[in-house]
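Here it is, the structure in full.
Chain lettering (A, B, C, D, E, F, G and H) follows the sequence in which the chains are written, and residue indices restart at 1 in each chain.
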């Protein structure tokens, strides 16, 4: 059983890589996707549509461009894993969780204090077994 | 034109009342709805389903009960106003914004530094004029 | 806040009446609906479309007629309460729960060992407060 | 014509294998899917998210994890075959039937007294003929 | 329980009136709707958009105008009763049945040889009982 | 039969009033809705969210505010009448027509050279007859 | 551009083959699908679920089995071509047209007097050009 | 990440080719689709269904045939780029934008005065990066 998992949220640690490597080590048939996780590139995503002096409109423009990618990938996924970090407000993570809830898309939320990446991999193994 | 507006987010200031009084003063035909904004009652929303020792499951249970109300009210609304405060993480506010985005429900986001409640009322007046 | 609650499942005890009386005592603005709970009438629901000798087709016909009512009422409700009794297989109750899950309709399941009707009423009071 | 069939319900007999072998013998282009049918593994599906002392929450957690798989597979299928056994309450089977009904997904229900697996294969052969 | 029933199909007998009178005699809270059943008016429904010399385009235009009404009424109904007569091809009746099937709208089909209007009324009484 | 008609497009002639008066004269039970048709007010609809120096963002902001109203009203309507004038590009009119097409909402398009308002009224009379 | 076309309706002439051969001759990348067009097999589609003495239930059972196939194929198609013959009532053809209308699926209807298969092929060539 | 982009609107300049060549030069995994952009062929798209003397019906027929293609391609796309030219009324472009808005499909609008095709390519590169 092939499966697509969208990894949402915190971008300052290597949690995405840990889950992907764990899944690979078990030979699971899973495609992982995510937003663009390069922070500076993400903030500048809309700059190609015209430089904006006001930060409000720069953010607005970049959010629109980022949404083209994230909307498509969330809707194509079978499961979304949302990780909240402890340093930032993580509105994007909570926004994605709400987006999933409205679509009826299954999602799991993780918090920084948990060290549960092996467990996430274990659940993916269980879910996608033949 | 009658209209229903769901007021989401920050619960520690009187912004809901300000918008409602402004709309009333103009005689607008608007129904305002929101989650239960009594913080303690909201945290205890699920306790009637059985007391939980672990805070994780207490939160989970209360979130489920609160969602019965918020899901219904957001889906019945014509517009959602989401206000982010400056003290808390406001995941609920961001979650509601994502929920609206996925449903294609119009929503406006406000931030604490803005003093734009008269403007919100002005927009409601414009939107609901005969 | 007005609210519609569909009461699904067990038909051999007075749990529906208990919840309705509790809600009435509190003055809640709730409409309760349910399938036809007269067992014999429910089994005969399709007989007017022509008597059937084979019980399979009699059941089939009655199920179709009953579904006209239950489908409409479940889709119009804001919340579904599903009660499993302890004597019967209760496939209808589980079917209704699955129906709700697929629609994204909020539902609560109760089991016979629980004496939680006052609690259900408490949750309805919380959910529908102004 | 390729086709995907989800086999729901009873897990204590070999009915899934019989249908699959029948379809294979006829060379039908059908993919069969199902929930995880190892009972113990299924009950423990959520344990990786953290051990739970209360059986209620253990069941709840495992049900959530199992739903990630079953929801995806039912929605991807073209037909669901639901088999009720005679020993257990089979709420999962009835739940899946209700889930299909709400989605408008075609489903067939079988009962233990029927020996109709060759017939199911015959119907699959008919349905998928070029 | 109030209920809306759309009566589709045959327009050359008084079957609509018989069902409506039967429902009224029982005091059922049912609204009956239907397409415009005046045959000549129905064929001319689009003529106000400009007279058409070719009957193909006259029919096309009238079909479009009639669809404004029927689409709205079918979607607003809780049940559709489709009656096939014995004299005409009744494509409209079959079209409406297909329309209902795709929407998941409950519908009942009747044929000319049946004298089942009292039965239809009986089913409506059963379905809408309190 | 009550009915809601959204009148989209050209705002420089009195076509809306003509249709409304015609419907009123016939005593039809129709509610007419439309975007805000005061051109200056419409262009300024977003100004309350903050004055914008760049006309691009002023337009963008006003379009968002106007969409709150038009989206709600189009989705609540049973029929949309779209009138193209001869002086302006009428992108809003064409946008609304595309919006209707995607929703499966019935719509009629009128062009400036046509003097067909009495005909539109005639069609409304036909469509909403008892 | 690849494309899937469902051919619905009349089964007593070779119109399906003519369109398929025309498309093949032009090298169009089109997959054609249809219901099972062997009349006797189609009427017996449900017999494997148990022989029925009453023709009503035999028809009902076969219709259910046939619908598994046709529902799947219509929903997977990009275009439906519905051909009405001149000998039969063709309720299935009209039913499929109504089904398409409710789904917003594009469909074309043909009648027996037309000799337009080369034209249908021409339209398919146009529609699927790179 | 593979991606499908529908290019809507203006057909008298080479903007489509410029974007496609830019994407190709960067090795992006993007499929570009569009309506038939040969103006004369597009106007004649419906002529194979029968020549029409009245231009109204010729246009109507061709629009229907063109819609088979555009509807399918817009719904299959992940992003729609709509370009308005400066010479024509561009109702098709605005119609497509409204169609996207109603579907919740992401779209970007370009105007003739902008020379932003390299920027569009830049955004596509950003959106589809691994």
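Please note the rule applied: a residue touches a chain if its C-beta (ideal position, glycine included) is under 8 Å from a C-beta of that chain, and two chains touch if they have at least 3 such contacts.
Given the structure is predicted, the values throughout are model-derived calculations rather than measurements.
Listed here as common contacts of chain D and chain E: C, G. Residue numbering at the chain E/chain F interface overlaps only partly, since under half of the positions present are found in both copies. Each chain gets a centre from the mean of its Cα atoms; for chain C and chain E, those two points are 30 Å apart.
Here the CA centre of chain D is 43 Å from the CA centre of chain H. Mean C-alpha position of chain C lies 50 Å from that of chain H. Residue numbers of chain E whose C-beta contacts span two or more other chains: none are found. Within the complex formed with chain A, the residues of chain H that make contact are 1, 3, 78-79, 106, 108, 116, 119-120, 122-123, 126-129. Contacts from chain C toward chain D in the complex involve residues 67, 84, 89-103. In the complex of the two chains, the chain E residues touching chain F come out as 33, 36, 41, 45, 48-50, 65, 67-69, 71-73.
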